[in-house]
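Presented below are the structures under discussion, each in the form of structure tokens.
What follows is chain A paired twice: with chain B in the first complex and chain C in the second.
Let's look at the complex of A and B:
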């Protein structure tokens, strides 16, 4: 009887097997890492030499993100400029996942038409195709825009290549005089523009959310004061000039307030300044030093550095207008030095300077796991600042006793030195998405 | 004893009296019978002493009478003896007959038993034969059953082997595709896209259809791309005839964890 039942079962099962024969294979794991991409030099139709190597700029941008591994120029199998010219099999052999082809047409009067296509090599189909009109001085920026389009199309996250960085450079002359400069450049460090020059120290530049103004500390009157400057019109406006310290100004996400450190009441404390009303509200009340505020993306809390626990650590304070206002929470517990916090735009990560074995490294605190992940390994890394999409961190480091800028991806995989600046470069600040 | 006497003097006296009376009666009865025994010898003695002729004749007659009587008695005894002999003979005959009848009866009984036994033996033999036949039939059936079981077992083993092979290649395909799936940075945990793949016997993926989109084009493209990059997929040898199992594959891509 049992035998009968079992054979019936087997029969049923085999019938079922035949009936629902579609095999199911579930994939739950994949690889992470840089995706191979080929950016073929864009065709240039003009009398003179090409004004910019658009493809090189895009390659460098994508490389810097850590998410892409652009194929070296000499490894390009062929140089198509249009989807119709692509032999996908060639690119598959090279394990290339994506291919960018394009051309630049000169329209006269320093105007250009850039056309490009982003192709999926495995499928042999187009993912994105755009035509961008650009003027000669804006060609680099157009290249960054293309990088952003490619980045967004392939990662689903907005790119932050078409953004700016601000930083301070210091040049010491043989006479002993020093020159401080506030500079702004493209996110790759190119196209540097000097916004302000001073013989007195300039410090702590920070971008307005609209990317049009900078707030910084200047000692031009001999003592620290906070100024706001429009980077296009170059107009300057003094914001605070309290007795004692006026430092570490940071713009709130809504652009209406500044968080800053003042010692007008005797001890460095965190304050919030309402820019329209000039009303000042004190956030911290502690005998210890509280400084270097940074906004959480919702504008309802600040993180800051305090040595109230005996060593500099990162704390978070609620600044929303409710009962929780002023509530302080310590965020870092690893090591005896965690300072200079910067918060990613999604609030998931806090970049900070972490001291380990007497060296200052850039580290990231994961706000979900509360784990600190050290990203850099130089001697003196400082002033981390997040890219607008939260994927990259720019920071100042040392190279032969000279300050230079470097970038690291938030996962620590991609490291890049930005090397076009001269002098001692300090305190980089990365702008939000450009809106102008 | 003495204690009893002392305690019941009346009873003792009564008992003694009873005994005395009893002994007295006994003595009296003996003394009253003695005189009759003593009289008869005196009479005999008187007769023995009388002798005369008449008496001798009488005596002769009497002796002859006795002789006749004795002859008669002898003849009667003889007759009686004859009769007894006859009787004994009859008895002997009857006994003999009885014995013979009994013997016959026993013989018949024996015969009957013998017959019965033969019948029984025959029945037993028949039964044995039948049983033997049944046993053989049973054995035959068992053999058939075993053969059938063996056939089924083999079939199952073959099916299991095939299933093993299918499973092995499922794992290989899974690995091949996992190795090629570059997870987008923007991918979220739990995001899912289901593809339907169509293969040709060389393992080449000839079509990929999104049967359930994740709603995120970057994610969907990443999984499609993974399949194309992994093509041709590993398949069982052509001789295994398993290609039908792999002709179409449903392939859900689901991100289980995100670091």
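Let's look at the complex of A and C:
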């Protein structure tokens, strides 16, 4: 079913200053049956060059979803900017199902008005039409918002383009020293911001549900401690510094609690930390390793990794009033290594790291059928994280022994790779929908 | 909950006794070194031995199998030497730094590194090393010594390093 489209490098070049792609995205496997759509370059009435190629950003977003096949720019038979200028017969000849046209007006003071219309080509009618006001630094973001609107209008599912990814980069120098960086970028790899640098390991970034803060593990004191950092103000707050492990923090869906791993009581156990009261509640009690908690979307259960059965497997425990309720249930039985669960926002899928023949792949456990479906085919895939709409999974993999990020659709059909210029990139974490 | 904490220590103590018996038993005297090592356990090393590259105390890395925190027979002898030294030098402290190879998930690996370091700490504590004398820290797979992505690199990275404070 998969049609290999090798090495179609989408060069996401930007004309605006201060917006560069540190991560470039390569579609490694396109999807047969993706819906043909044409995004016509938006009209621009300013004096200078257009501040952003809005249409290029939208095209790249929609293509990455694997559900759409945007027409190449040179194949556009005409360049209408308004529904009244469209000759639908031409577009039907090209088998284009949908057409997006629009224009950008400069309002002065770096303010812009973006108008666009999404058209059904066969019916010759408008599906959606919006007018968005944007400031210059927010133009890329406005383009992602338009992608989200188009995606929702055509699939019924909210888009997750106007979101952020956090990740850790590591550079190793000939002296043997390493530089660890915690970075945040748009979901397409643009506008990377380094929010923290350290000579000691940084691990396990995880987003607050409001997309404003990250929780992570830092070894800056020489041992692991958990910190929360505001990505705008960069303010840092130490959260836990217990004896032993302080590891794998994940924010609860209501934003009020963290699930995390501590070994202060002897061996690694899952705890819940109430952020307001600082009260700590122990959830697991087992002599094995219990770690890598992830919340179910209703906040009433945790899934986690435990080797209590002899090998790492995923387990689920119900939680009420920060207490474990009932029996711990084992969820995975295929193979002898299933770990680091991430749960989709609808709770239907659990992404995990699955070992097969000594290789580590990203797999998805369907919570209805309890079947595991392996999505990737390299040997060191890890750290899966769902997009806010549960349709894509970003994860860490290797390319020529270098750590890179990649993404795969939850059905395993669309694959892409996010490569950086230097160093290792690892531990991606995809934010929820932006609320601000 | 108490037994879960004390049982493994008890078990490890047993295993250690069996291990030491194996070293000193007249039935297996083939290894002269083993005999001298077991003598060393009684505290033959002074503080200067830490700087002596020919002393067994200069061997400070213990290696592990994949997914395992099991200590080999040979390494038990080495750990016994370090434990003997620490027990006879209560003013000296050490950090037991646990590590894993790059395979498997990062958070599980940091727990695995801790399990390896704690296995060594428990062996040491039954030989009289003070609870605060040996401190466990795990870096999981975050601080590899070998950068090769192959069996040999992985073998070298699955380790616990015994780091003497100030040495």
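As a working rule, the second predicted complex is superposed on the first by the 395 of 436 C-alpha atoms of A that agree within 3 Å, B and C clash if a C-alpha of one lies under 4 Å from a C-alpha of the other, contacts with A are read in each partner's own complex, and residues count from 1 in each chain.
Keep in mind that, in the parts below, a contact is a pair of C-beta atoms (placed from the backbone, for glycine too) under 8 Å apart; a residue touches a chain by one contact, two chains touch by 3 or more.
Keep in mind that this is a model prediction, so the values were computed, not measured.
Novice: Looking at the overlay, does A:156 come into contact with chain B only (first), chain C only (second), both, or neither?
Specialist: Touch partner of A:156: chain B, not chain C.
Novice: May I ask you to decide whether A:72 touches chain B, chain C, both, or neither, giving the answer as first, second, both or neither?
Specialist: Neither partner.
Novice: With the two complexes superposed on chain A, say which partner A:219 touches: chain B (first), chain C (second), both, or neither.
Specialist: In the superposition, A:219 contacts chain C only.
Novice: Which partner does A:276 contact after superposing on A: first (chain B), second (chain C), both, neither?
Specialist: In the superposition, A:276 touches no partner, neither chain B nor chain C.
Novice: Can A:28 be said to touch chain B (first), chain C (second), both, or neither?
Specialist: Touch status of A:28: first partner only.
Novice: Between chain B and chain C, pick out the one touching the greater number of residues of chain A.
Specialist: Tallying touched residues of chain A, the top partner is C.
Novice: Show which residues of chain A both chain B and chain C reach, each in its own complex.
Specialist: none
Novice: Using the touch rule from the top, collect the residues of chain C that touch chain A in their complex.
Specialist: 1, 4-5, 8, 67, 102-108, 110-112, 114-115, 118, 136-140, 142-143, 147, 149
Novice: List the residues on chain A that touch chain C in their complex, please.
Specialist: Answer in residue numbers: 172, 201, 203-204, 219, 222-224, 244-245, 247-248, 261, 263, 266-268, 285, 287, 289, 291-292, 305, 307, 311-312, 337, 339-340, 353, 355, 360, 380, 382-383, 398, 401, 427.
Novice: Tell me, which parts of chain B touch chain A in their complex?
Specialist: Spelled out, the residues of chain B in touch with chain A are 152, 156, 159, 166, 170, 173-174, 177-187, 196, 216-219, 221-226, 228-229, 244-246, 248-256.
Novice: What part of chain A is in contact with chain B in the complex they form?
Specialist: It is residues 7, 10, 14, 21-33, 35, 67, 97, 120, 122-123, 127, 153-157, 391 of chain A that touch chain B.
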